[in-house]
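Below, chain A partners chain B and then partners chain C, in two separate complexes.
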Partner chain A sequence: MNINVKYFGMIAEAAGKTEEVLELEGNPSLGELKDRQVKKYAIKDPQSVQLAVNQNLNTQVELQDGDEVAFLPPFAGG
Partner chain B sequence: MEKKKPKKIFVQGAIPPEKIAGAIANHQSKTNIGAHSIFLGQIRADEIEGRTVSAIEYTAYEEMAENIYHEIRETAFSKFNITCAHVYHSLGKVKTGELCLFVFTSSAHRKMAIEACNYFVEEIKTKLPIFGKEIFEDETHQWKVNK
Partner chain C sequence: MMRYDRQIKLNEVGVSGQEKLQKSSVLIIGVGGLGCPAAQYLAGAGIGKIGLMDHDRVSLTNLHRQTLYGEDNIGEFKAKVAKEKLQHLNSEIELVAIEEALTIENAEKIFSEYDVILDGTDNFETKYLINDACVLTGKPWVYASIYKNEAQLSVFNYKEGPSYRCLFPKTTQQNISCEVTGVLGVTPGILGTFQAAEVLKIILGIGNVFSGKLKVLNILEGTEQVLTIQKNPAVIEKIRDQGIIPVTNNCRIKDENKTYLDIREIFEQPRIGSKNVLEIPMSDLDNRLWEIPKDEEIYVFCQSGKRSKKIVELLRNDYGFEHLKNVDGGIETIILNPA
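The block that comes next holds the complex of A and B.
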């Protein structure tokens, strides 16, 4: 399945990009996707990274083809 | 109705002080209002390990931030008896001393205006996916985390 991944802030900096399309095999869970990208880009402090699936922070969902998954570092508005 | 309109909150660069004056002027014809509350976020020249912050560069997951802001706004209008609320947050580079957040709430009486303003500020800081790169005078940087 294809997942549209977006990166923000320090994660975009670590990845060297703000988005990419990943072709994933074997129906990985969201947690597995996170671990994979954390390792791939050596993302620091992974427990502070929140994932949003289709703009929703409730991550108790199964990934579906075409989903948009955002990797969000700690919020710093205001 | 004003509170049902989808609102854009992001502006490019610093929020000019004239925008605050303009917002006040725009409400002078609304004579059911008896109190405005205003919060202004300003970029502070923090000193961290001998380096001084000169600017913050903001980015955001804009679509998600606007959707969450819409929910915050709906909740604020149901919790507080306010006549209107206006919120602007900067994207891009904002230098120290410049404004990055403008929250403006209005009500018949002070208490609701003040409480609603505080509510917006706290919700914006904790719930909106906005990210800040603190740029130091020597062009190095670190990533801001809200306390």
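The block that comes next holds the complex of A and C.
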């Protein structure tokens, strides 16, 4: 299935892009997708990173073909 | 009332709305890049009482974004200068300068004296502290945070809505402020102005208050995403049961009288939150040598003492820093609460 992934903040910097389309084999869970990208881009402090599926944060849903998943780190600056 | 004519003309405000503003109070925590523009608009709008809380002093590198301060204010307390400038803008309102840091001990007492809390801070420790104290005192708070050219905005604890801990239950170790990453002055300017708008909406009871949602802006790309936040009643209940839950990212240094230079990279743990520690990661040292005082005794440390030893030698031999001392044994030997 195809998943549209968006990256914010230092995650976008680690990935070198703000979005990409992933073609995924099988039916990975949201957690598996997170682990995969955390490893791929060496994303730091993954426990603090929140995922939004189709603009909904803090949800646990099964990924569907065409879903949009955003990787959101906390920001501190002001 | 005449001075408020242009906002009273709006149907959403009117004379009754203006009276609401005059009876209301707002506490601004951190009168920096976010807090300055927010304070200016809120003072202009006629908020009856504005608390300006900041324990920091104005420095030269603040001036490109902290719009209340001028060159002649360098070295003065931000809260005091902000109060003077804002009183000049509006003599009809009450302004309170609070020249102290927000702590677990003083947060609830201070919050209880205000209707709305505006977060102008630049670190996670204080954001969680604001969150918990707002849950305990029943106050809504308007949040903004910045990372370089990106920013987040939301309103937490508004009418039983989600809290900051619902959004980010686990904090990060990457406590990166604008001082470290760099920021265009306009970015906190835009966000602080958004925050002031949310405060006005909350007090006036108009429009859609940005609760349960997170706005994520990219100033360079001109993009804006709105994400919905789910409330997690369990984390809110935990705060009500336990009181303020300390975020212990930072540890303290034993000797507050010495000046330290931390050359570790920003992801290295534990972080130190003390004022007497200058943080310049090794990878950035070339660009920031000028920040290190040459005439002061400075203790340089890293994780184990090895990298800092090399840096001390390099800075002494090649750059003429004669008062640097290496901390043999690294960070564990100088902090109060080693892991």
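In this section, the second predicted complex is superposed on the first by the 73 of 78 C-alpha atoms of A that agree within 3 Å, B and C clash if a C-alpha of one lies under 4 Å from a C-alpha of the other, contacts with A are read in each partner's own complex, and residues count from 1 in each chain.
By our rule, contacts are C-beta pairs under 8 Å (C-beta built on N, C-alpha and C of every residue); 3 or more make two chains touch, one makes a residue touch a chain.
What you see is a predicted model, and the numbers here were worked out from it, not measured in a lab.
**Student:** With both complexes overlaid on chain A, does A:Q47 touch chain B (first), chain C (second), both or neither?
**Tutor:** second
**Student:** Applying the touch criterion given at the start, work out whether A:A70 contacts chain B, chain C, both or neither, answering first, second, both or neither.
**Tutor:** both
**Student:** Quick check on the superposed pair: does A:T59 touch chain B, chain C, both, or neither? Answer first, second, both or neither.
**Tutor:** After superposition on chain A, A:T59 lies in contact with chain C alone.
**Student:** Have a look at where A:I3 lands relative to chain B and chain C in the superposition and call it first, second, both or neither.
**Tutor:** The answer is neither, since A:I3 touches no partner chain.
**Student:** After superposing on the shared chain, does chain C or chain B touch more chain A residues?
**Tutor:** C
**Student:** Let me test your reading of the model: by the given contact rule, A:G78 touches which partner, first (chain B), second (chain C), both or neither?
**Tutor:** In the superposition, A:G78 contacts both chain B and chain C.
**Student:** For chain A, what residues appear in both contact lists, the one with chain B and the one with chain C?
**Tutor:** In chain A, positions 6, 8-10, 52, 55, 70, 72-78 sit in both the chain B and chain C interfaces.
**Student:** Which residues of chain A touch chain B in the complex?
**Tutor:** Contact set of chain A toward chain B: 6, 8-10, 12, 52, 55, 70, 72-78.
**Student:** In their complex, what parts of chain B are in touch with chain A?
**Tutor:** 41, 58-61, 63-64, 67, 89, 100-101, 121, 124-133, 143-146
**Student:** For a test of understanding, state which residues of chain C touch chain A in their complex under the given definition.
**Tutor:** Residues of chain C touching chain A: 30, 32-35, 119-124, 127, 144-148, 150-152, 166-168, 170-178, 181, 183, 188, 191, 214, 216, 218, 221, 225-230, 232, 267.
**Student:** Going by the contact rule set out above, which residues of chain A touch chain C in the complex?
**Tutor:** 6, 8-10, 18, 44-45, 47-48, 50, 52, 55-59, 70, 72-78
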